[in-house]
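Quick heads-up: structures coming right below.
The same subunit A turns up in both complexes below, where it pairs with subunit B and then with subunit C.
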Partner chain A sequence: MEIIAALGELGLGERLLTTPAALAAFSCDGLTAFTARPCAAVLAESTAEVVATVRACHATGTPFVARGSGTSLSGGSLPVAGGVLIALNRLNRVLSIDPESRTAVLEPGVINLDVSRAAAAHGLAYAPDPSSQSVCSIGGNLAFNSGGAHCLRHGMTANHILGMTVVLPDGELTTLGGPSREGLGPDWTGMFCGSEGLFGIAVEVTVSLIPIAEATATFLAAYDSLSAAGDAVSAIVAAGLLPVAMEIMDALAIEAAEASVKPRYPPAAALLIVELEGDRDTVAADTTALEALIAVSGAVSVTHTADPEERALIWKGRKSAFSAVGWLAPDYIVQDGVVPRTQLGRALAEVEALSAAAGIRVANVFHAGDGNLHPLILFDGAEAGALERAEQLAADILSMCVRLGGSITGEHGVGVEKRAHLPLMFSPDDLTLMGEIRRSVDPGELANRGKMLVPMAEGTAA
Partner chain B sequence: MIATVDSVAAVQEAVLVSDRLLPVGAQTKPALSAVTDPGTVRLDCAGLSGISAYDPAELTLTAAAGTPIVELADALAAHGQYLPFDPPLAAAGATLAGTVAAGLSGAGAQRYGGLRDFIIGVEFVDGRGRHVHGGGRVVKNAAGFDLPKLMVGSLGRLGVIVAVSLKVFPRARAHRTLAATFASPAAALDTIGVLNRGPLALEALDLTSEGRLLVRLGGDDGTLTALTERAEATIGTACERIDGPEEAAMWAASAALTALRGNGDRASENPSDSDAPSGDLIRIPLTPPQLPPLSTALTAAGARHRFSRGASVAWAHWPADRTLTELSDRLADLGLGGQRLWGRPGPPLLGTVPGGPFADRVRAALDPDHRFPEL
Partner chain C sequence: MRHTIATDTLGPRGPALTAPIDACVHCGFCLPSCPTYVTLGEEMDSPRGRILLMKEVLEGTLELDSALPYLDNCLGCQACETACPSGVHYGELITGFRAHVEPVRRRPAAARLQRRLLLETLPFPRRFALAARLGRPARALAERLPSPLAAMLALIPDRLPPAAPLPARMPAQGPRRARVALLAGCAQQVLDPDINWAALRVLAANGIETVIPPGQACCGALAMHTGASERARPLARANLAAFPTDVDAIITTAAGCGSGMREYGLLLAGEPDAEAGAALAERVCDVATFLDRVGLIAPPPLPEPITVAYHDACHLAHAQRERTAPRRLLGAIDGLTLVEPAEWELCCGSAGTYNVEHPELARRLGARKAANLRATGAELIVTANIGCLTQIGLHLREAGVEMALLHTVQVLDRAYAHALKGAPPR
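Take a look at the complex of A and B:
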């Protein structure tokens, strides 16, 4: 093939993979229901190699997909069959940390948690904390505008990306944004974030850092119903408190967590985790206020802790919930819909009704403060038609989220998985414009083809 | 010429019939609403006004483009909430879309972040006259391209914004400002660094060209005392405590950019020269290490200035007797760029201006017929 020959001239040696055995490892990401085999994978070790690879793809009209750790839950780093997979894991250096500016410059393969580890010496941290933070990479976080448990106050990934150097889909290298927290002119950086790889590959990323919180208090409150836990969230917001995180898990999710990482959660129909963060005086005052609010919220039990180990265990249970449901069923689909915060109770009731009607078990874990649901739809893929029924339930849940005024994805992205649902949220004109922007940046639709938008190559425009 | 619109359909119609147009709001940033080509239609969007959705329990708000910022602030204040990015020029009449298009955040952005961190949805009319939207009305959303962020700082050159959705936050119940004077702005830099990295979430961290450091604290009456003591210990210099109406008035004046208006420079101090141009107001994004050289350059040119957001931005008054070319060159020498808000005719962006091929390509899709002025 022309592209293989072109890549062969780049001097990549053993870092150019072309055998089926070597490529098998890249055939899917965190969304294992979709697989595709690239014709080659390049294990890039420098910006120059990324540029050269993209140029070779552009010259031969070959689609390419950039991949970090491959943890996408929406199929974001699924290869294009016959295309090139550009692995960025080896571009994993923290290039610099500037404590005066509270910024770090990173290569895209840096693991999310390693940013905070590197910044800790300066009393700083990187705020976005997706549940996969111990393995997922900054490049993937940027491309999919990842969230996490602490978005309520700190925002999503895009809010922490100040500037970047990117390789456009024709191999041209350009810079967006800069090191300042203030922008100048249109926010091209913000536009590139969350574009799911459709505009090219970020090869150097400037992120903002925050001071490590002086004090943290994590509350664990048990309720006898999901709606009671949801009402407590509303009461906390109404009281003018601004926790950094508010999470709810239902009985099935609690059961799964206890079966795997054993966080020693109290038995409950619903568990509410609330985290306060800030200076010690403000956290002390907010702790008193929150205790009073939860005391009258109908909680069956409540504890709070500032102990790092106890807090870590609470979060371990929450952050491992997705993998933990593997203890309950052979397969599951995780969804990522968002509803307005005040619609949470209604949304959960509808999920319950849809689940009952379909006869499919659903475990619920959600970022309650953000209205971001993560229904985990349990099924057995070995059973005929089970996957299709689970997918139909997932689609019904997403439609419900949009109907209530929300979104089909809060933080996992559209990818290949929710592409068909994008028209629920956007008009034909909206989607046409997005397609036009995509093709203006990448006329050949080479960069991560098939993600988010339906490519021209597949027929209907965008 | 000016055309007024009071509906989205009228905006679409205006875009389709105009060869060249630029949306304007209350024109509180005249350098951004000025046109150099007399054939350009200025589209007055003030008639698109009003809050269409605000539920305090959601911490979100949606309003039409021309809604005055003060109207939003009043509605939020009634529920103890506010716009955390602290938009400037509200009292002068600044509108929601004007603020978004100008990409302006104020001193209060020190605490939770700037405009780009609080915009969650946008509706606009693109260069082909289509009414499109991006983002949504929920605080967390990863669907589709982030067109809301793209509109931040778009200067009316990428589309006509018709509605905006924002995330909002609860506001601190009480405020206090500590003021300390340093020999020069550069002498205050270490203190700014310690405060920026420190445990206290400050409401504002500003520094005037005279070396006066302003540290705004927020909390409730109970925590403010403790915060005051800790901040004073960090600053280490004798601090003046400013409270109550005087404190509020001081920050209101800061948001109005009063001290940087043109009436203090040599040109307009001369009564016979009252019609003379009185200089330009410019916003310069920076990082703290860039403060000393910028302060030196501005002081040498006789430009009064103020650093804000913990030395993340400078606001400066560039005197009328200095050319814009000189300003642009000075900024470029320092690797900086700036945005003019008012002053003599000229380009809105000066110095090192971001953009490049990505910007050109996105712009070509949004405005293929070049109806909006160049950036």
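Take a look at the complex of A and C:
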């Protein structure tokens, strides 16, 4: 093959992978329902190698897919069959930290949590904290504009990316944004963030850091219904409090967490986790206010702690919940949809109704403060038709989100999974325009072909 | 993860092979604690990747020969199980898979010879001691030998400590609180016989009587974990016959042996003595766990304070999920300060015969572990497995560091005897 010969010239040695086993290992991401074999995988160790690989792809018209840690839940890092997979996980150095300007320069494969680990020495942290933060990479976060529990106050990934160096789909190296936010002209950084790799590969990323708060308090409030917990969230926001995180888990999600990392949550139909953060006085004052709000919200029980180990366990339970659901059923679909926060109670009731009507169990664990739902649809793939029924329920839930004024994805991206649902939110004109913008940068649709937008080769929709 | 493997065609081990594949959701939470992923940085050498490879081989969509190098790289350390939120029993999968494919796999001649030498000497203390003495002069030839053999020779210790044979029974001191049977083990008994003696004395000091049943064999873990079930089964059966059922526990002092014996149920799955194997497995208990369970009689305070770094042996921390007991035991010694090394979950690279079969990877992991332990500034390193003691000692020496190394029971033993200071570097 032409592309294999071209890659062979790059002197990658054993880091050019073409054996069946190597390609099999890279054949899917966190959404295993989709698999495809690339023709080669490249384990890049430098910007120059990424550039050279992309150039080879461009010269031969071969589609390529960037991969960080492969934890995408929407098929974002699924290879294109016969294309090239560019693995960036070895590009994992924190290049520099500037405590004064509170910025860090990172290679794209740096693991999210490692940024905060490196910054801790300066009393700083990297705010966006996806539940997968111990594994997922900055490059993947950037491509998906990933969120996390603590993004309620601090904002999603895009709010923390100042600039980057990217390899465009034709192999050109260019810089977007810069060390400060005060740039002139279009916000290219903003456009690249969340574009799911369609505009190329980020090879160096400058992020902003936040000071580690002086005080933190984490509350666990138990409720006897999901909607009561949802209403409490609205009440807290309406009262003007701004917690750093507000998360809800239902009984099934609690059961899964207890089976797995045993966070010792109180038994409840719904558990609300609220975290306050700030200087000591603010947290003390907010604690009083929050206790009063929870007291009248119908909570069955409430506890709070500032102990780092207890807090870590609470968050470990929450952050392991997706994977822990593996204890409850052989298969499940992680859904990701958004509703306006004021519609939270209604949306949860609708999820319950849809689940009951379909006779399919749904576990709920979600970023309540953002109205970002994560219904986990449980099924047994060995049963005939079970997958199709689960997918139908997932689609019904998304339609409901859009109907209530929300969106089909909060943070997991469109990938291949939700491509078909885009017309729920965008008109044909919108989609055509998106396709045109994409092709103005990448006429051959080589970068991550088939993700998010339907490529020209497949149809005329966009 | 969904798959199309017909579990019932895989024999009695079938469910143990497919259940972990069912349970894996491909989330990757296991990646940062996998020693091969952390050092090699490629998906095929990660737990998540290996599960996918084994799935595809069993489904028939991937050739075994292509997958084997990556599966062979796995240390079997089970750190991925500790990290996995989904409860994947990876250890059962890899052990079962290795046994499943052993009959059909081909190995090069030198590797075949090495494997035979290992499997026919290590599990037998007398043969091992003899081989060590014979092998030492051969080290001069190491450069000219095929590399698998040279790697084996590098591990032979310079001197073997003299071994007083273990007694048949060690009575409890004071009122008897429990009665246990001890697995003497094989390699450890040759390399450091003091560990078992220390265990006997510590158990006795805690009112525990120990019997050392005659006729017992190597635990079989080494064979079991490298796919040689047919060699492991007779060893397990010898132990089934040798160990009495009227004791409170079967005690192991090497973490690797403990985790091996706890797998007898699986090893004998589908055999007439499967149930007996599972029952024995239930009663196997690491010496630290048992002492902690009955309640340690605190040793006298140390004359001088000492700082100790505890290294979690994979086969205790991950395979037996025991991290608190050894720390509680050591913490009970007044004057002993425990410090924690970075990257506790990463294997030191010893892992049974791994340092012989994959010397380069083992060396990288050993050096990394030694550096992390050294960075704690501790005076003494303590762990629960002979393989770790040997491997860490080797890499500390290579880094030119003089640090003392002991097994948990040796620390307790010396504390009871007022002799903890001045332990010689290994």
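In this section, the second predicted complex is superposed on the first by the 459 of 462 C-alpha atoms of A that agree within 3 Å, B and C clash if a C-alpha of one lies under 4 Å from a C-alpha of the other, contacts with A are read in each partner's own complex, and residues count from 1 in each chain.
FYI, contacts are C-beta pairs under 8 Å (C-beta built on N, C-alpha and C of every residue); 3 or more make two chains touch, one makes a residue touch a chain.
None of the values given here were measured: they were computed from a predicted structure.
Engineer: By the touch definition at the top of the document, which applies to A:278: first (subunit B), second (subunit C), both, or neither?
Structural biologist: A:278 sits against subunit B, while subunit C stays out of touch.
Engineer: Considering only touches as defined above, state whether A:25 meets subunit B (first), subunit C (second), both or neither.
Structural biologist: second
Engineer: After lining up the shared chain so the two structures overlap, which partner does A:268 touch, if you call subunit B first and subunit C second: first, second, both or neither?
Structural biologist: neither
Engineer: With the two structures laid over each other on chain A, which partner does A:87 touch: subunit B (first), subunit C (second), both, or neither?
Structural biologist: A:87: touches subunit C, not subunit B.
Engineer: Determine, under the contact definition given at the top, whether A:330 touches first (subunit B), second (subunit C), both, or neither.
Structural biologist: The second partner, subunit C, only.
Engineer: Decide which partner touches more residues of subunit A, taking subunit B and subunit C as the two options.
Structural biologist: It is B that touches the greater number of subunit A residues.
Engineer: Hey, what residues of subunit A end up touching subunit B and subunit C alike?
Structural biologist: After superposing on chain A, no subunit A residue contacts both subunit B and subunit C.
Engineer: Spell out the part of subunit A that touches subunit C in their complex, as residue ranges.
Structural biologist: Of all residues in subunit A, those touching subunit C are 17, 19-22, 24-30, 32-33, 43, 69-71, 87, 89-90, 92, 111, 132, 134-136, 259-261, 320-327, 330-332, 381-382, 387.
Engineer: Subunit A touches which residues of subunit C in the complex?
Structural biologist: 1-2, 22-29, 31-32, 41-44, 46, 48-49, 52-53, 56, 61-63, 66-67, 69-70, 84-88
Engineer: What part of subunit B is in contact with subunit A in the complex they form?
Structural biologist: 55-60, 80, 103, 105, 109, 112-114, 116-117, 126, 130-134, 136-147, 149-155, 157-158, 169-170, 173, 193, 196-201, 219-220, 222-223, 226-227, 230, 283, 285-289, 309, 312-313, 337-339, 349, 353-359, 361-362, 364-366, 375
Engineer: Help me check something: in the complex, which residues belonging to subunit A touch subunit B?
Structural biologist: So the residues of subunit A in touch with subunit B come to 98-103, 122-124, 144-145, 147, 151-153, 155-156, 158-159, 166, 168, 172, 174-195, 199-200, 211, 213-215, 234, 237-238, 240-242, 278-282, 285, 336, 338-342, 367, 370-372, 405-414, 418, 422, 425-427, 429-430, 432-434, 436-437, 439-441, 452.
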